[in-house]
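Both of the next two complexes hold chain A, though its partner changes from chain B to chain C.
For the complex of A and B:
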């Protein structure tokens, strides 16, 4: 088990390092002078100052080592546009994004597992077909459009929820629903698939044969067993959740890191762009590593497979 | 991200850990054809045919030039609302362009970009997957690490930063979109190649002196086609959503060329007064994306009946 965790952690570090190098090099290897892109109207002298400040005048590997050194100390650089440290900018936005993402995830999990379980119990019957139709429909709706439709119905027409900014829990509902929809389809379908499998297992039949009620068997025996495989699905979906947060924050003007990076990209504020990109990639890898490790801890077969 | 359908593999094999996903090609090729009629395949096929028809013939049929600006008829409502007329069946946008014409010509833009993106992703993914799965060893480790690095970036963030560095052009857009899709092909093809590598018939083929390129291209290639086809169908849907999203953010298809995303972006401020302009293009997106998603699902059931259960 120890060897498994170590191997998994080392691999994740390599991936995070690779992602950081990629994100870091990206803006430096693209043709064109990044300093000129950042400040199109600056004089040659000003451009030289920008290059020096951001270290663009030195070789890329040197810049990267410097960046990592400062990053370890918690210094992610300085945003000339926001006149703030990048670390501060991220710290301000992160709570909004986490709140939005976790609410959406919880919402999608509750609805997804419920609908998926119902679909599995009524396999191949009308209810199953109806739920799967909802799933594929939800999967086919772009979040940015669905968000606008929600605003149209619930803010503009009915006036139930605000659609702009963030000043309290009420502001969270429409963005969270929008973000949850894109996850819902996957969760419904995965739950259904795993549940159908579990329900066909011997121990479920045995429990039924012992005279336990169907409801008891589903809640006490089946659902705990589908949660572990679902964890992996959630981990993979996390990337979409983070990407989706960018979109949803843009539509609802939630001041999270998604909106931060979007604005930074439009302003060519590279220190912010590279820090947030690396942070998001790192967070995604880290959470998936934790899921893989806990998965391995719960299921020895996977452990063996991975240490091979 | 938005509407990105789940990785197909994670649904097919939801119990496998993320790094070991696989779509198994059906070995039993006749099992799927025992059903007399597959309604899913018929309906989704018909929907895709409608999309194809609009894509091909649409721009010739629409009565208006999609870029013709008529400032006297700005924000006209669709025909079923008060003040609408058959002259502009879906009304007009903020500068008086015919909305129907713009939505219809956008089919071609979106589909061409999405299909090109999928083709590029398939080429990259198949090469990496075959090399990785068939050679194994260090090549496999390195290539799969690269795949994992690619997957670790939230696509929207990556796409937005890449597109901000260059002038948005269709060619750049296609390359960026293919980045979202290639890792899945690499993984799927790798797992097929791994299965086939040790198969008896491959060993037999080697023994009788079939050259390596022929083994890879023909024997392994044949087994790769069905799973790649399924993923590609669903990926067309995914890339259409991503393209519309990037165009919505102003980084994809550039105005005045119409795309569903940029029509919505241009008109989102009229949401409360003229709701039809930002919402109707979305209906076109949902129909198109739904048709390819359903087609992918049906093909999956058809080719790999075990998945339907």
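For the complex of A and C:
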């Protein structure tokens, strides 16, 4: 198990290093000059002064080496646009994004597993079809459209929820529902698929034959056995939740790291783009590592495999 | 896996790995970690939004304005030419004089009176008893420091001035500005320059940290892309009618509109024309339209062959139906240009030789240029931006089609603003460019000299005749100057056509009726001192 974790950590570091090289070079390859964005009408001499102040006048390899040296010490540079250290920018934005992503995940899990299980129990009947229709609709709706529809109905028309920003928990509801909707659809379909399979297993039939109630069979025997496949789905989808947060935070103007990186890309705020990309890549890798390790906790058969 | 339980407070990573690790402990751990994270999150402790609540506003109320453009986080007014920053500065700093946008007359602000004591010396008498927001007194030394710094070669604000100003302090409340030659445009350029404290100018790091002006609103905070200001109740012109305001960057136009409709914002910038009916249908809201100082241009890059060919530039100008662009594509929100400056500028005079849509004449000019039906003419690259100026892609596609009809092939490229901006200022890269130019003042040199003088910005246009006319008007006495601009310079520009002025932009803002006095200025700024919030 220990060797497995060490191996995964080494892979993770390699991936994060690759992501930092990609983030550093790609944002500089795309056209756009941060100095020109700051002072559109300035002369070349004035732009040169701004570039020198920002440190962007040095050769790119030199900038990269300096960036890596500083990043190792936890210093990700300074945002000229936000007038803050990038570490502070992330520390301010990350809680909003985590709160949004975790709320969306919780929503999707509770509703998705429940509806997926109900669909499996009523396989090929009306309820199953109705739930699957909801899943297909959820998967087909683009987040930016669904978010705007929610704003129009629940903020503009009904006035139940605020439309933008974050000043308290009620600001979280519409963005979380928007972010949850595609994951919800995936979870309904996955839960149903796995649950149908599990319910057809011999041990489930045996449990029913022993006279156990259907509810007991589902909660005691079926649900624990769908956890590992579901965990795989959730693990992959968590990464997409972080990606989806960029769109949802932009629609609702939630000041998380999704909105931060979107604005940073638009105005070529290099230090912020670099740091947030690395953070997101690191988050993705970390989630997947935790999921892999969790398999062992949830399934004794896999735990034995890992310890060999 | 070894099943061992440890109750030691500190565990090594190895012992953690070896600790009992099953479904139950995982779920318990996750629940505990979530709870701890929620209680200890920086958000729970810092609650940054509480600072922005409007409850402590002594009954006057605070308002929220949403910006369509991000801020540049250096608060040194010299270091940028970004409109969002200029809007915020406008209410925190005073200038020496202000412009009455209706009468085009200058009004005293920090200068109470001014006179040219010599053709190259402007003397200004300053207002007494004024203090900066940090409590330091305002005087001649601050004017000297501000003007010399704001017009120095190394700062971006220099773009608006012909030369670096030399300022002499006569006494505590009198200064003299000396120029190298007569500078009639100076009076109408000074109203775009913020006056800062000398101590701040001498300490650039401090200057970048916050605004410290003498204006009606004081700097309070900047976080999460939001600037907040509070009333300066010691303002020399009397206390503002608002307790404060916040100005927040919200990139998405749909989000800005929803915030206005729900009452979370009082003013939103850059409303798109298709959003207007929704605002007009709401009795609590209104649309504020202002014809601006900004012309939208089809720039011909002079250093990109064959754009040096005047007849080709003229052919293109006659091939485009600008009425159609304004009436159909912009739905009437703009005004077709009939001069190389917008109507609000000094010296503006509608020009009789303005090209009107005439495809037959365009074809004849194209043939005269050496390209009958476009033969022998390579494809021209035309670059525009999408995401900031309204309808650029739509009228860009129309222009592409219109030029195609006379035989000019266009490679039309719509780019996001940062990529477009980098190409816009380069000498080469494309033949035709779409851009706007919104000077903060109404002196014609802010446009004409910037664009067309001796290898001007963006156009790189350099013509002896135009240079001579610009030199002539730049040093003439004010009345003669207007004649030179209206009767000589503007007709010459229409003939030479270094750039085609398409239309004068209309600034469209969405405004809550709770702020009845709000009105955007033609340079897109707003004066909030006399704006009140009526619940």
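We adopt the following convention: the second predicted complex is superposed on the first by the 257 of 308 C-alpha atoms of A that agree within 3 Å, B and C clash if a C-alpha of one lies under 4 Å from a C-alpha of the other, contacts with A are read in each partner's own complex, and residues count from 1 in each chain.
By our rule, a residue touches a chain if its C-beta (ideal position, glycine included) is under 8 Å from a C-beta of that chain, and two chains touch if they have at least 3 such contacts.
Owing to the predicted nature of the structure, the values given are computational and were not obtained by experimental measurement.
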**OP:** For A:46, decide between first (touching chain B), second (touching chain C), both and neither.
**Re:** second
Subject >> First, second, both or neither for A:148, with chain B first and chain C second >> reply: both
**OP:** Kindly classify A:203 by the partners it touches after superposition: chain B alone (first), chain C alone (second), both, or neither?
**Re:** neither
Original post:
Of the partners chain B and chain C, which touch A:219 in the superposed model: first, second, both, neither?
Top reply: neither
Original post:
After superposition on the shared chain, which partner residues are touched by A:261: those of chain B (first), chain C (second), both, or neither?
Top reply: first
Original post:
Is A:80 touching the first partner chain B, the second partner chain C, both, or neither of them?
Top reply: second
Original post:
Looking at the overlay, what does A:243 touch: chain B (first), chain C (second), both, or neither?
Top reply: first
Original post:
Between chain B (first) and chain C (second), which does A:292 come into contact with in this model arrangement: first, second, both, or neither?
Top reply: first
Original post:
With the two structures laid over each other on chain A, which partner does A:281 touch: chain B (first), chain C (second), both, or neither?
Top reply: first
Original post:
Between chain B and chain C, which residues of chain A are contacted by each of them?
Top reply: 30, 32, 37, 148, 151-152, 156, 250, 262, 266, 268, 296, 306
**OP:** Could you pull out which chain B residues touch chain A in their complex?
**Re:** 1-7, 10-11, 14-20, 145-146, 148-149, 151-158, 160-162, 164-166, 237, 241, 244-245, 248-249, 261, 264, 268, 271-272, 275, 278-279, 281-282, 285-286, 289-290, 293-294, 297, 309
Subject >> chain A-touching residues of chain C, taken from the complex the two chains share >> reply: 1, 14, 17-18, 21-23, 25-26, 34, 37, 41-43, 48-49, 52-53, 70-75, 79-82, 153-156, 158-159, 208, 222-225, 248-252, 254-255, 258-259, 261-262, 264, 415-419, 421-423, 425, 450, 457
**OP:** Name, in rising order, each residue of chain A that touches chain C in their complex.
**Re:** 1-2, 5, 30-33, 36-43, 45-46, 49-50, 79-84, 91-92, 95-96, 98-99, 102, 148, 151-152, 155-156, 159, 162-168, 224, 227, 250-253, 255, 262-263, 266-268, 294, 296-298, 303-304, 306-307
Subject >> Contacting residues of chain A [partner chain B, same complex] >> reply: 11, 14-16, 18-19, 22-23, 26-27, 30, 32, 37, 123, 136-137, 139-146, 148-149, 151-152, 156, 182, 185-186, 189-190, 193-194, 196-197, 229-230, 232-233, 235-237, 239-240, 242-244, 246-247, 250, 261-262, 265-266, 268, 273, 276-277, 280-282, 284-285, 288, 291-292, 295-296, 302, 305-306
